[in-house]
């Protein structure tokens, strides 16, 4: 029982980070119908921006005691930084390819991804050494349930992630921008004819998706403070699992991405805890193959027929 | 006699839209039938249903004796139902000749190993196919143009190439989706005689979608009129032309105007 | 006769490389020429999937790993049993080399089977799922391979180890060390020549045209009677076959170690870059790009830090200014003639 609860807590924490990343994949796919390969690098940058920003304030030094508002500053800073970057990437690398075959955009995205990783590794950027994220989120044992300590940091990670998802729900279903986003994702051509500024909507989508990924990067680094160097395989792998979450939930479907993220987090963490900790990635991809076989449109996605 | 192509009760919905409902058709062997209707009536959707691109929600479709429901588009095509596309879908980066030769693949007898070893049997089949493909190009009036890339051909020639490609499947039934769209009057005249010749020379049954009424009324011996997915009239050209439902569908009802 | 001549030419070319080129250029360049051959083999085979059928596989290194480890187990443990030698010893004479050739081929076949298993669920679907599934496959292979046991080094230990233990004793994350160095210019360029010939003959055949038609327009292709899923799976299996063989060559090459980290997605991406830069669908383009991208970094070792940055930037720029790559869909002699 103890172990189940602990695992559940971890699963939700990891799953909600996946969900935040998956949202970026799914929103871009919903609108432009391509896999933004560089999205996992935006997530990585979220973690590294957070670390660097904390460094600027001196919070990474040994013995530093960051003030309570440190987390807010770092989180918002990292989110704004990646939002600008996500916007810029779309402008420079993807927009000129808007009418090109999708495979070209996919290749360009892989190029952007490799570019970010390899520039990130340079000594003038983040270098090739792993770093330790200072604990900016306060931590304490909140309470104990039958021997499991519910920790504040886990609760905060989950809380912030769920808060951001609620904010996104409101953005998409409660604002004019969200209405425009939904219109473009249903039918970009018609939306353009109706006067929706498609380019601006796409830009906004990239900015919002990137900001969410950065938040995921911050939260992930808060839970697992050892941050790997920018080109490390773990980043791509985490991004990939988040993409799997988007596909499992139903690519293009925002709520699907949230549900898929949580599901993938659970599968991975429970698999790691009860089967074998070394094969956690294998469970996730096995689930992907299974979903593709039995329900290619994803759990919440609707099967659509391509117009011929 | 069994019709070449038979459909009954064929329906499909896209969300709330009944794109085709309860469609019926019996295209006799050697028949040249027309399918008309205003924009968005569901004509192309019907072709997609017949060729297996979409799967109907209900209904029955048979090619000769063969039940087509649930078969893959490639299987349907290989069993003798060929089509052209309204929004030209050629293999743009391939030569005109190669476009035609793709359609011969389904009937190839030599396999992958023979291909890689280039056995004599493979070579003979390759030669025969090439000659046949060139003959198909000639049949539609594209002789000597085989080496050109499909995307470099003028519009009217692209439409013709689509027909040659469909013919190379050696179909029993040919579905033509607006073959005259974008053609000038002279090209249309050529197309008109081409359609007739094809039917007479190759034992084809043809179903033709066309907005050019002159063309349809002239070549088709029977016409089905669709509107909002439903058959609103059927008969000879003379019959459907005076049918009040058809007139209303094309001109709009008096209240709407 | 005309059909057999090219095979003879490939054989002659490989022999020439071994007996005439190798001794002249010396050890350092022999190694580079083997690297070039393996890179060409990988690029030309991936091109069958990415260039011919227009699908997007980015897990080629995963198939390389499958083939490499399979071949390695066969030469290392199988060779020890077969020739009654200590594990990892090169069997003397022609027998050893024939065993090696068979092992690489088996590695290729196992990789092809893996290709079918991976390809079937994802190739049914249209779209970019293949990219994700192949990338995931490559990563799973890598993770699984890091979990294997230590290599059995001594003949005494080997004598008591059952074969079920042997096949999982491939060194984990340290790599499968101690494999015999069988790979030479002859085997490298023989397989590479075969792959080039197969790819080219495929492209100029009805099966190849069916693949190209899938790339051009999958719906139209199906409507013309092409069983698109089958065609894609065939392309995918052929590509995996050659990738597996390349893995076998890589595993037994001097100066490389077969370890999981070497065969991660970085490697897959490098192969993708070669195909894209050379021209999607161009056999000679892929071969040319693989050659250039293997030799140039060798010459510019001081700048190796910037190599991937340059590659990545090139990838984006090529997509923006010349989306079909250097040669586009054409072969090198076409480009010569026209422009």
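Read from first to last, the chains carry the letters A, B and C; within each, the first residue is number 1.
Convention: contacts are C-beta pairs under 8 Å (C-beta built on N, C-alpha and C of every residue); 3 or more make two chains touch, one makes a residue touch a chain.
All of these numbers come straight from a predicted model, not from anything done at the bench.
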item	value
Chain contact topology (line, ring, star, complete or other)	complete
Maximum centroid distance from chain A, chain identifier (CA atoms)	B
Innermost chain, where centres are averages of C-alpha coordinates	C
Centroid spacing, where centroids are CA-atom means, of chain A and chain B in whole angstrom	47
Between chain B and chain C, centroid-to-centroid distance (C-alpha), Å	43
Separation of mean Cα positions, chain C and chain A [Å, integer]	33
Residues of chain C engaged with two or more neighbouring chains	219
Per-residue overlap in chain A, given as positions that touch at least 2 other chains	308
Contacts with two or more other chains, residues of chain B listed in rising order	53, 85
Touching residues (chain side chain A, partner chain B) in the complex	305, 308
Interfacial residue positions of chain C with respect to chain A in the complex	54, 56, 58, 121-122, 124-126, 128-129, 131-133, 135-137, 139-140, 142-144, 147, 219, 264-265, 269, 272, 276, 280, 305, 308-309, 311-316, 319-320, 323
In the complex, chain A residues that touch chain C	34-35, 93, 96-97, 100-108, 110-115, 117-119, 122, 233, 236-237, 240, 243-244, 247, 278-279, 281-282, 284-285, 288-289, 292-293, 296, 306, 308
Chain B to chain A touching residues, read off their complex	14, 44, 48, 53-54, 85
Residue ranges of chain C touching chain B (in the complex, touch as defined)	2-3, 198, 201-202, 205-207, 209-210, 212-213, 216-217, 219-228, 234, 329
